[in-house]
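Consider the two complexes below, in which subunit A is the common component and subunit B and subunit C are the respective partners.
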Partner chain A sequence: MKSYLEASARQRLQYLLDEASFVEILPPTADGAFTSPHLAQLDAPTAFDDGVIIGRARLQGQAVLVAAQEGGFMGGAVGEVHGAKLAGLMQLALHEKPQAVLLLLESGGVRLHEANAGLIAVAEVMRALLALRAAKIAVLVLIGGANGCFGGIGIVARCANAIIMSEQGRLAMSGPEVIESVQGVEEFDARDKALVWRTTGGKHRYLLGDCQQLVEDEIAAFRQAAIDTLAQLNRAPDGLALSLAGLQQEQAQLAQRLQDFGELAEPLEIWRKLGLAQPQQVALMDATQLQAALAAARDADKPVQEGV
Partner chain B sequence: MNWQDIAAQLFPAGHQIVQQDHFLCGTAQVGDAASGTEQTVAVIGTCKHAEIGVEIALMQASAVLEVVREHPRRAILLLVDTQGQRLRHRDEMLGINSYMAHLGKCIALAQQLGHPVLALVYDQALSGGFLTSGLMADACYALPDASIRVMDLTAMARITKLPLARLQELAASNPVFAPGAENFLRMGALAALWQGDLAQALQSALAQPHPSDQRAQWGSERGGRTLAHPVVQAVLASANTVPHA
Partner chain C sequence: MENLKFVFAGGARNLADALAGQTCLVGVAGSGNLEVLLQAMPLQGQCEVQVATAARGFAAIWQAVLDDFHQRWQLQDVRVAINDVGATPAVVSLRLDQAVNLALSLALNRVQEGA
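And then the complex of A and B:
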């Protein structure tokens, strides 16, 4: 079994998609035409793909457009070219109308080495993704890389139709190191890996309803979950678009979350309030056991949050 | 910059904007009956360098949804003054990215249902708080003195481990590193800077169509961000050159 966590972005594409179906868009060129124009002046290395690979492929025979961020290059952070490749891919999807757009996200957010250009690029990615929602093209996000999914890309992820995560995946806004450096170690101890994991990890996101599928750290498991989720989404294509009813429901759910958990200090307290009898055991459960535990808690009619 | 002063200049015919802590919400009158341009716009925003936490993100989203529900196609003006997202463990635990994404989705829904959405950075705009406000608008404007940036150079130097002196030197000549409205204009993030008669500027902006995201093109035309647009065009051109496997 191939670990998603340990694989490079290109390996993930190779094993996630139908065999030999991936065709890269803007593959590396000899003249390096699509590398960052900003890094050289900071004596920082460049990458021939600027840390993101985009292309066409098939997933169980269905045409998809796909992007994969490479965490090994500047933590997958978004610079001008990187962001334009992502935004361009989504604009392309508006024309080509694939069965889905798959985003294998692994990013610290805006690439600070390209500061303003990175921020604007993330904004363009977000707008392009939301245009796909209007066009009823399914957008699936996969998160399971070592660098997590943070900053503006953490927001972008939650604009998609569904998120598939492994427990090793992390999804949040500000990184623990940033919070610690601004607010102090009492606010968030970034070296407390267990706390970081409880706060941002895949299991917590699944329990809160911020990710729809929790899978084991295997590329094959991500593939199967993507196939299943896509089939489910495309059965009701009208549900792919943003709607007043859908967003009013999300508004109510997020308000309820604040009411239920806003006074709690620790993810363990949230898990207990969700009805998990032994929240300390969550760390030891595999994805299937956690799904069963959550289902049992829901059956017991405890306050829970549905995925949105 | 005081939001009341800006509102008075934007809306000489009057407004009913209410401030609740750092949150602004209400309506205002734009245009005049004589020229047939009279309309009510919804105003939603933040003030006093608001840090965007889960609560205020949800309040803004709720206000957007109310406009969509009660006033089809009414124009929305986002007034932006934010220091960025709130940096707290609690907000991360509750999933602040989901709250901010929700706000972004609500604005997108309004746009998709025909509400013009404009934004004005009247004081300060930073990173995450800017992403889900001004940068979501059909067209974002700023006052010339507005402070717009990702983070300050000292923090950037610490996190990237780049020498502060080098960043300061670059910021003097390169819009990518320099804060300020003028640089974001050159990079295409802003449609224009508003000076002089703000009421007139708003009225003109409302009368203008804003068909799609033109920021990469603007960045290229204005010379502040030259590669984004060609990269997007190259990706789109691949539609005809790369066959589907």
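And then the complex of A and C:
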């Protein structure tokens, strides 16, 4: 049993994919050919792979292209080289047409040391991801690292076909500290870790429908969920592409969410309104129990918001 | 940042076959940690260690830790590249050993696959 949270990006790839199937694209070299030129100019530490590993691999025998961000290096933040590797991988997928592209995302967003280059890179990543969707190539996002998935990379995650999260994973636009410094501690106390996880953690994302699968913090659980989700997605390949009808439906769901929950200040109230019998027990449930609780709430014909 | 270079001669262990043209990388360039990359290349039998460290002024400690490393492994014709973000000497030693062990296990896997 290997914790996804505690593993490095390279370890996650090793245990998530078929054994010894991963072949790295642009592997790191001793001369630092793929390190960030901007960080060196600023006299800041660099990484040989600029904090992201890309390559080809197999998932239960199926050909996949995969990227994994390393949260331990600058919080997985996206710089120019890092972003180019992500965007390039997805552009390669357009040509190679693998069964799926797996993105193991862990990032605070754009790297402020090279912010303009990073922002452009994130835009290129999104464009490449949407091109993959148009080409009906499944894109799966896995989130379970300590740094969460925030900023531009949070948006990238929501552009994908499906998201798989653990309770420990977090997904949002602005991070807790950012919200607190902009809106004040009365709006959001970033030091209240329980509040942080109630509002951005995997369980809340699952209950709201922002992620499709909630798994335990084990690499094997992520692997199984990726295999299952991929099989489900590829059974209806037409659904992989964005459509006007699908986007309108999603927009309507978001409007409904705002109407249902917009006045509520606390996730516990949202979970109660979703129909969960004991919302205060959510924090103690494992993934299976929470799935059962949500299913029971939906069966009970209470106001429930469907995910997308 | 401080860039340091150390050269060791007289090693007898060559990793070229083990690495088979690839590099091997362990660790993460994160706070209190470091990443170590091994790349085999002709260096007239020497082992070269390039260190980029966020902690300035520790060249003597690096020399001592790397002396021990060379004593243990006796590498030749290999470049060891390090990105360090303030790891302690013990962590550095462990990562160096981890890198060599990974390289040797890669060779072992290839032998088993070939058998």
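Everything below uses one rule, namely that the second predicted complex is superposed on the first by the 308 of 308 C-alpha atoms of A that agree within 3 Å, B and C clash if a C-alpha of one lies under 4 Å from a C-alpha of the other, contacts with A are read in each partner's own complex, and residues count from 1 in each chain.
Simple rule for what comes next: contacts are C-beta pairs under 8 Å (C-beta built on N, C-alpha and C of every residue); 3 or more make two chains touch, one makes a residue touch a chain.
All figures in this text were calculated on a predicted structure; none of them were measured in a lab.
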Joint occupancy of subunit A by subunit B and subunit C, clash or fit: fit
Contacts of A:30 with subunit B and subunit C, given as first, second, both or neither: second
Subunit B versus subunit C as contact partner of A:206, first or second or both or neither: neither
First (subunit B), second (subunit C), both or neither touched by A:4: neither
First (subunit B), second (subunit C), both or neither touched by A:151: first
Which of subunit B and subunit C A:45 touches, first, second, both or neither: second
Which of subunit B and subunit C A:20 touches, first, second, both or neither: both
In the superposition, subunit B vs subunit C on subunit A residues touched: B
Touching partner for A:222 - first (subunit B), second (subunit C), both, neither: neither
Partner chain in contact with A:91 - subunit B first, subunit C second, else both or neither: first
Partner chain in contact with A:72 - subunit B first, subunit C second, else both or neither: second
Distance of closest approach, subunit C and subunit B, by C-alpha atoms in Å: 12
Common interface positions of subunit A, toward subunit B and toward subunit C: 20
Subunit B - residues contacting subunit A, complex: 54-55, 58, 61-62, 65, 68-69, 85, 87-102, 104-106, 108-109, 112-113, 127-128, 130-132, 135-136, 149-151, 155-156, 158-160, 162, 166, 170, 174-178, 183-184, 187-189, 213, 215-216, 219, 225-229, 231-236, 238-239, 242-245
Interface residues, subunit C side, partner subunit A - complex: 1, 22-23, 25, 28-30, 33, 35, 37-39, 41, 50, 52, 54, 79-81, 83-85, 109
Subunit B contact footprint on subunit A (complex, rising order): 20-23, 25-26, 34, 37-38, 41-42, 54-58, 63, 80-81, 83-85, 87-89, 91-92, 95-96, 110, 112-124, 126-128, 130-131, 133-134, 151-152, 154-159, 171-174, 176, 178-179, 181-183, 187-188, 199-200, 204-205, 208, 210, 241-244, 247-248, 250-251, 254-255, 257-258, 261-262, 264-267, 270
Contact set on subunit A toward subunit C in their complex: 8, 10, 20, 27-32, 43-49, 70, 72-73
